[in-house]
Structures are given as C-alpha cells and as structure tokens.
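Below, each structure is written out as structure tokens.
What follows is a pair of complexes built around chain A, which joins chain B in one and chain C in the other.
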Partner chain A sequence: MANTIIETKDLKKYFDTLKGPCKAVNKVNLRIKQGETFGLVGESGCGKSTLVRTILKLIEPTSGQIFLDGVDITDYKKKKLMALRKKMSLVFQDPHSSLNPRMTVFDTLSRPLKIHNLTKNNEETMIEITKLLKLMGMQPEHMIRFPHELSGGQKQRIGIARALAVKPELIFLDEPTSALDVSVQTKILKLLNKTKKIRDLTYFYISHDINLIRVVSDRIGVMYLGQIVEIGEVDLIYNNPIHPYTKGLFASVPEPDPDKKIKGEPLSGEVPSPVNPPMGCSFAPRCPFVEPKCREEKPKLKLLSDGRRVACHKDNLR
Partner chain B sequence: MRLSEVNVEEIKMELANLKNKKSSQLSLVWKRFKSNRLALLGFVFVMIIIFIAIFAPFLTPYKPYATDPSNRLMGPSRTHLLGTDSLGRDVLTRLFYGSRIALQIGVLIILFEGFIGIMMGVLSGFFGGIIDSIIMRLVDILRSFPVIILAMAIAGIMGQGIYNVVIALGIVGWTTYARMVRSKILSIKEADYIEAGYSIGESTYSIITRYIVPNAIPTAIVMISIMMPTALIASATLSFLGLGVQPPIPSWGSMVAAGRNYLLQAPWISTSAGFFIMFTVLGFNFIGDGLRDALDPTTKH
Partner chain C sequence: MSELLYIKDLKVYFNTEEGVVKALAGVNFEIVKGSFHGLIGETGCGKSVTGLSILKLLDNNALIEGGEIIYKDENLLDKTEKQMQKDFRGNEIAMIFQDPGSSLNPVFTIQDQIQESVKMYKKASKQEYRNIVIEELKKVKLPDVEGLLDKYPHQLSGGMKQRVMIAMMLACNPNLLIADEPTTALDVSIQAQFLQVLKNLKDKFDMTVLYITHDLAVVSEICDYVSVMYAGRIVENVPVRELFKNPVHPYSYKLVHSVLGVKTFLEDLEEIPGSVPRLIDPPSGCRFHPRCEEAIDICKTKVPQLKKIGKNHYVACHRR
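Right, the complex of A and B next:
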C-alpha cells in the first residue's frame, strides 16, 4: 500500500462576508496516496479551488489540520513554508493570466530555481530551463519570448514547466485544460501523463469536466457545497454512483449517442448559498430521496464494502 | 525523450545563437514608438523646445530683460523677427527664455505630483482597507473643487513665484495619479500570476518589485507624459491670471496676458506666445499617446 502524501482532517475555510461566514470548505477529510492521480469534481463554486489553495497554504485555513508526508503543516510560516513550496506546486486554469506579462519565459522559469537555490549560476539555470522546455515539447528559443508571443497551449506548457521547476512531489492542477481548445487539451493531458511517469509525481486534478476526470484519475472525490459527498475508485463511482448528488451529476453529462438512455435523473433546483447552508445534509433540499432525518442531521462519510466512502443517511441506495 | 538524453553541449550552442537574436525590451519599445508618425512628430517638437531652452543665449543677440523705449510695439522685421513688446523687448528672445521657465515648471510639477500620487496610489491599492479609504476620501475632497479655482486660491495665499505655482498645482494634481495607479494595482493584484508567484515561494517584497511594479510602470509613464501638457497649460493659466510667475520673468502665460492689451496694435505678442504654448503641449500630447501604444506589450502591429 502506497504512502499517504497529503491528508486533511476536518479542514475548514470560512470567508467573512457581510451576511456571515461563507463556508467555502466545510470539514473536508481527504487522503491522497503517493503516486496516484486524484480527481476532484463538483459544480462551479462548490469550493474545489478554495480547498486546493488552502492545502497549498496560499490561504490560511479557518480550522482543521493538513498533513504532508505525515507532518502537520497547518501552522507553517515563512521559512518552513518555503520548504513546502518545493514539494507542492500549482498549475492554473487560465494560462493567459497566470504568466507575468512583463517576464520572458526565461524569467518566469528561472524564478523558482533561484528562490530555492536549485541552480548555482546563470548557465546552470539556462540548461535546467532548456531541459524543462524540451520536456514540455518546446524549444530553447522560446526562452526569450514574452507570454503574449505564445499560443494558449504554449503558455499552459510554460505554466506546467514552472510548476515542475522546483521538482515537486505533488502537483495540483486547477482545471489545466478548460481554457484550451479540444485538440490542445488532448496534447496537454498526454504531456501531463508522460511527465507524471518520468518525474514520479502525484497529481491532484480539479475539474467540473466529469469525462476528463474519468480518463485521468485513479480515484475521484465528489464535492458539493464545501463537502466531500463521495470518494473512491473512479470506475466504481462512475459505473455505480451511490450518493444522490453523484447520480444527478453524472446524469447531467451530455450523452453524444442519442439512442443511449441517460442513467438516472439530472439535477434539479439551485445550489443553496454557502453562507447559509442547510442544517442537515447540504444536498437535502435538492435530493429526490430525502427523508426527515436528512434535514436534521449531517451525514458522515461512511466506508462501504467496496472501499469507497459516501456521506448519505440512506443505506439501501446501492 | 528521457531527461538524461538532453545534450548539454548542444544546448549551450543553441543558447549562444539565441543571445544574438535577443533584442532588449527598451529597443523594442523604441522601435514601436518610431513607427508611430505622430509620436515621432511630438518627439521632434519637444526636442526643438528643449534645444531652444538650452541654447537660448546663443540663438538670439538680445537679452530678455533689455528694454528699448524707442522701439516699443514694433512689428516683425529683420532685426526683431517677432517684433517687440510694450517696453521694447524682443518678443522672440522672451519666448526663447520663456521655454526655460515653462519646462522647468512643467518638470517640477510632474515630479512633485507624480511622486506623491504614485506613492499614494501604491499604498492605497496594495494595502487597501483603512489606508485606502483615507487616501481615496482625501482625493475625493480635493477633486470636488474645480482644479484651477483651488490652485488659484492656494497660489493667492502663498503668493507668486515659480515654486508656489508648482506647489499649488501639485497639491491638486497628485489625485489623478493616485486614482489611476490605485486602479491599475487593484487589477494587477487580482491576476493569477500574483498567486502563481506566491505559490512558487516569492516574498511579498518580490511580489511588489517583480510582479506588481513592472506591470504598473507603463501606466505611470504614460500618465506622466499625458499630465505634462496639463501641467503646462495650468501653469500658463496661473501666469495669465497674474498668480503665477512674476513679471519681468518671461513666461508664456504672462506674455499672452501682457499682449492682450495691445491685441489690435501688436497682435504678434499674444499670438506667438500662444503658439509656443500650443506647440509644446501638442508635442507632449503626441509623445504621451505614442508611449501608451509602444509600452503596451499586447499591442499588435
């Protein structure tokens, strides 16, 4: 059994608003294994990005704990945080705005190397950057380009190269392909897959694209209103979703074959506000199988016999 | 391709080739600026004025203060190309020396209000919160007065003189910079590359100096070049109203005012002074527009 690389315990992130705290991440328990590809799916605004930024310590968690390689990193500041930045990195959704328009590709890629003293002199930096560019299928001449001189796909490759520069163990990919067109998406995904093998990485994908997540992930987690509602092996969940939200989510995926019947009922209703989430199960107001108990008590993630965990009061949903 | 297969020597050769191809950012900006005809024209205008200001004593045989009562209000002639004023002083000479005063005041105002305004804008935009509120409300208060009226009041209280003109206009003028810089910084702060910077371990200092400032500098430069003509006109206005540079110091604004009394007998005094103001302001305006286009890396040509 592979080691756990990252683990969260009751992780919470609340944002203060005029109407009260916005519960963007509400008691999330996750465990990511070394070398796996984990996919986190959910609708826009369910807290996926916030969760990742909290784990990366780009924003301070409100409460709960984060463990990296078994070490509690929740209260890491300054210097210790620097060491952390070398182990985990982030690829952004929008390649256009994630690169500093005033920095050449060389500047952008040399910063992580210089900050963490990974190269001793300019020549070493250049060689290292060339290696990164070649790994990304680009040429050394791209080094002197500014972001606006590159195409969307090239920019995203630079974004990935920047994340790889520090030689991290774990990379978070925040919808790395959703801003790109379909043919480029495929190339980037293949590139990421290849890089994962070469560099022995662990990937944490975030996406609202269920088909993408299905292809790339080993395990997936389904997030709804700041909480994980179902988590487990991708094929198990995809073929037989148990949580009513997962069922609805998968049923809302457009089916290209008109003769095929869509499994289950698509979701109806609106997502409640995270400022004022429902008392009991957060999915209760939209759930077709709702019971009185669901409106009063929050369900906990329960381990099922096939290894997945589901947060639902109903036992007979299989 | 496996990483170990990358040939280091090959890379070095490719890099050596690259160095020759690389053109600096500054030369790129100059290339773009050059291709803009109006900007180049403005550049020539301003160069002419700067040349005149520096070499004024060599360009004219007269002294700006030398009166000649026997040659009052003479029309343009060979000896006095633009005629003389009511005290018999050579108008062209005074206009030449006036360019020194105009540029001096213009540059001082820009430096004074630019420094305060950009500092305030950065503080306001980067730190936000209560600092932002205080600075922006101060800006609102100052902006609620008509600029020239407030400047007149301040100049009236402090008295005449070059430095008082600078202070009077600067006290009002910095608000424009503060607002512009603040809004620019707010938009930069939202960009993903700031978060990307933090995610690779950049310090706050590094974020400000490497990510925020370089992206805000073009805005500041363009603003300065656009505010220059405004400063020139405002200082000329104050001088015209008698609240600026004291006679007999030759300033364009006060020359327009002095020539107004003889507009029918000696129209060349006011009009030529007015032309110099227009010429300079136009020059700086063209430069400002050209710089705005040249400094934007996303402008396509």
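Right, the complex of A and C next:
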C-alpha cells in the first residue's frame, strides 16, 4: 500500500459574512495516496478551491487538521510554510488573476526558481524558463510579454509552468486546462502524466470537465456544499454513480453531436447557501429520491462493498 | 436571412519588442440575426482578439491593419471611442470576457456592478434597481442572491464570478452578445441552465450570439453555424451539422475527430501533430501547411481564399 501523502481530519473553513459564517468547507476527511491522481468534482461554489487553498495553507483553516507525510502542518507558520511551497504547488483556477499584471512571463517564472535556489545564475534561469515554455508549447518571444498580452490559454500554461518550476512532490491543479483547445489540452495532460511518472508525483485535479477527470484520475471525490458525498475508484463511480447528486451531475454532460441534446434533466431547484445549509442531507431540497429521514439527519460517508464511500440514507440506489 | 454583423478581411497586428505579432490576418464571416454563431480554434489563434475588435477594446499596442466590421450597415472601425461607448457598447453589443477576474471591479459590490449595466438602459428608483439586480442574478442560478449583493468579487468562487459577469452582460439586454468562453468555471448542470437562458433570450428578443469556445459539445448543443479559425484566419465557415458530419478543412477535420468517441484513457486522446505557429513569423501561404498531411507546393506560397463548397459552407484550402 502506498503511503498517505496528504490527510485532512474534520477540516473546516468558514468565512465570516454579515449573515453568519459561510461554511465553505465543512468537515472534510480526505486521504490522498502518494503517487495517485485524485480528481475532485462538484457544483460551482461547493468549496473545491477553498479546500485546496486550505490544505496548501494559503488560508487558515477554521478547525480540523492537515497532515503532510504524516506530519501535522496545521499550525505551520512563515519559515516552515516556505518549505511547504517547495513540496506542494498549485495551479490557480483563474490564470488571469493569479498572474501579477506588472510582471513579465520571465519574471513570473524566475521568481520561484530564485526563491528556492533552484538555479545558480541568470543564464541557468534563462535556460530553465526556455525549457518550461517549450514544454508548454509556447515560444521564447512570450518571455517578455505581460499577462494582458497573452491569450487565455497562454496565461493558463504560464500558471502550469510556474507550478512545475519548483519541482514539487504534489501538485494541485484547479481547472488547469479550461482555456485550452482539445489538442493542446491533450498535449499538456500527457506531459503532466509523463512528468508524474518520471518524478513520482502526486496530482490533485479539480475540474468541471467530467471527461477530463475520467481520463486522468485514479480516484475521484464528489463534493456538494462543503462536503464529500461520494468518493472512490474512478471507473466504479463513472459506470455506476450512486449518490443522487453524482447521478444528476453525470446526466448533464453534453456530447459533441448536434443530433444528441443533453439527456438528463439538469439538476433543478435552488442551490442552498453555505451560510444556511439544510440541517439534514444538504442535497435533500433538490433530491428526487428524498425521504423524511433525509431532512432530519445528516448522512455519514459509508463504506460500500466495492470500496467506495457514499453519504446517502437510501440503500436501494446502489 | 439577414446578417447583423459582417466581418470582412479584418487584420489586426500587435507591436511588441520582439517584433510585430500578426494576430489576425484576414478574418471573414457574417453573423445572421437571431443565430448562435460559434467561433472555435486553437488556443492563441485570435478568437478573443476578434471579439475585442468588434467592440474596439483592443490593447494599446494593437494596430488595425485593414478590413471592415459592419454592424447594422455601419462600419464600426470608423467609429470614434465616444461613439462606440455611447451607441454600441452595452445595449447594442455586450461581451462576456474570457477572464472573469479582469472585468469585475474588485472594489465594487456585486449589486453596484450589475446596477451599472442596468442603468445603461433603464432609469429606476433605488429599490427598483435592487429588484432588477436580484432578478438578473437569479437567472444565472446563483444561490442566496440577497446575501450576494453586498459581497465583493474576491469573496466569490470562480464560477460565481463568471455568473455575475454573465448577469451583468445580460442585464444590458444586448442585440448581439459576444460570449468568450463564458462557462469554463461552471459545472455541467449550471452550464446547461445557462445555455437554456440564452435560448430563451433568442426566442424572446431575437438575441444574436457570437459564442467563442473550446467546448465542441457546447457548440453542438446550441450553435447554428460555426467559424473555424486557425492562426489568425478563418479556414472554414460551416453550418453546425456539417461541421460534425463532414468537416472539410484539414484542420477542422482533425479538431472534430480529436473529440469524438468516448475516451477512457489518456492515451486514447489524440492531438494534432506539430506545434502552434509563431505569429511573429507565421508560415507563408496557408498557415496550416507545416502541420498538414495534404500540403502541396502551392500551399507554401499562396494564401488559400474562402470558397463556397456547399449551401452556406465555405472553406479555405487549396486541396478542396
């Protein structure tokens, strides 16, 4: 069995708002194995980005614990955090906002190299950056560009290059290819996969692209309103989604065929607010299978015989 | 059929220290009123620049080298900044920008941002504005809309920001909506609902949409017609059904075939061989020739022009 690289215990991140705490991440227990690729999917606003930002300690958790290689990093501060930044990196969701508008591509990429002493002099830095750009299918002339002088997909690839630059052990990729066409996306995904094998990395993908998550992941987690509702081997969940939210999500995937329109009803109903989550199962207000118990009691993640875990009261959906 | 917008031989270059970037080198297409027109193509090929040219919101280092953008019989390229702002941007033509981060003002609340758009076409009292803003936000399925009004952009998730931007643009009630990758941060379910909202606006107000995207599934779901772009030129203008059944240009063919079929493994995914061309020093003749399996001598020297090959179907290729 591979070692656990990241583990969270009852991790919570609440944001203060005028109407009370926004429970963006609400008791997440997660275990990522060294060397695996984990994929996280879930509704927009359900807390995916907040979860990884908390794990990376870019924001302070409200409660719970985070372990990296078995070591509790929950209370790590400045200096120790710096060392973490070399071990774990993040490809931010919004490439535009994550790039400093006043820094050229060269400056953006040379910074992490310098901070972590990965290159000895300017010449080495230059060589390393040229290599990174080439890997990303970009050209040397992009080095002197500012973010606003790049296309959406070019900015996104600078974000990926930056995360790779420090040669981390674990990379979180938050919608890393949403601005790329299929062909360039495929190139980048294959490149990431190759790098992973060579350097024995662990990946944590977040994406709304269900097909992408399928091809890259070993295991996936489905998140709804701050909580994991289904988690397990990717093929199991794809071939037979069990949680009613997972079922609804997979049914809305459009196909590239003008004669086939979206099959399933998109999930209907009001999305509840994380400030006032429903008291029972958070999906109950929108669930087509809801029964009285669902509205009263929060379902726990239960282990099924095929190894996945599902948080749903109904046993007959399996 | 009448066209609402007509782009003819548009050329846009950018001045940079390393040389002139020939981003658009002859863009040609027309958008029929009330239609959904898709614009697809490789990353960096000039889709956003095309959209921004229509609204004349290009960067300072941009040079419009030539061409026409005819909107309702007027050439937008002749308009002054003042005329664009007063007569075209907003109520006539609105754009959902590719970067949600760049178009929302970080120091304004969500309520203020959307109210600004509503003000462009409607005078109302404070309370009325509030109600309209709430209505607009509900359309894009944002949760707890009232709680959202006083929030700032950084307090929202990626997809929430994107939906606020969509709401802001739909609030302008435009005739032509340019949607540049509007659903990249949305899950498939909210995306499906958004596409439905667009369809309703088309039925109700005859709204026209230029839809820029990498997502061919979305194209097949809502577009009537598609322009395929490669390295700054349109290589194929084609009705959507034809694009998927019978893509004619070698690039379109590869593009469409790289997404068809169910993919279970990364190795199943195909990429188009070769690399994205440099726009500072683009390939001569047909810009696709270095990557094209069918290229012949003339492809290296002569730029292929769009020619008609079927009903509403145009292709720029020497071999077709």
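Observations on the model:
Here is the rule we use: the second predicted complex is superposed on the first by the 279 of 318 C-alpha atoms of A that agree within 3 Å, B and C clash if a C-alpha of one lies under 4 Å from a C-alpha of the other, contacts with A are read in each partner's own complex, and residues count from 1 in each chain.
Basically, contacts are C-beta pairs under 8 Å (C-beta built on N, C-alpha and C of every residue); 3 or more make two chains touch, one makes a residue touch a chain.
Because the structure is predicted, anything quoted here is derived from the model rather than measured.
Once chain A of one complex is fitted onto chain A of the other, the partner contacts of A:N239 are absent, as it touches neither chain B nor chain C.
When both complexes are overlaid on chain A, the residue A:S63 reaches neither chain B nor chain C.
In the superposed pair of complexes, A:S97 makes contact with chain B and with chain C alike.
By the touch criterion defined above, A:N211 reaches chain C but does not reach chain B. Of the two partner chains placed by superposition, only chain C is touched by A:P256; chain B is not.
In the superposed three-chain model, the partner touching more residues of chain A is C, compared with the other of chain B and chain C. In the superposed model, A:H148 makes contact with both chain B and chain C.
Judged by the touch definition given at the top, the superposed model places A:K131 against chain B, while chain C stays out of reach. In the superposition on chain A, contact of A:P112 is made with chain B only, not with chain C.
In the superposition on chain A, the residues of chain A touched by chain B in one structure and by chain C in the other are 93-94, 97, 141, 144, 148.
The residues of chain A lying in touch with chain C in their complex are 15, 17-19, 41-45, 48-50, 93-97, 137, 139, 141, 144-145, 148-149, 151-154, 175, 178-187, 189-190, 193, 208, 210-211, 214-216, 235, 248-249, 252-262, 266-267, 270-276.
Against chain A, in their complex, chain C makes its touches with residues 14, 16-19, 40-44, 48, 59, 61, 98-102, 141-144, 147, 150-151, 155-163, 181, 184-193, 196, 214, 216-221, 240-241, 244, 254-256, 258-260, 263-266, 268-272, 275-276, 278, 280. Across the complex, chain B is touched by residues 53, 56, 58, 81-82, 85-86, 89-90, 92-94, 97-103, 111-112, 115-116, 123, 126-127, 130-131, 134-135, 140-141, 143-144, 146, 148, 159, 162, 165-166, 198 of chain A. By the touch criterion stated above, chain B contacts chain A in their complex at residues 1-3, 6, 8, 11-12, 14-15, 18, 21-22, 191-193, 195-202, 206, 210-211, 214-215, 297-298.
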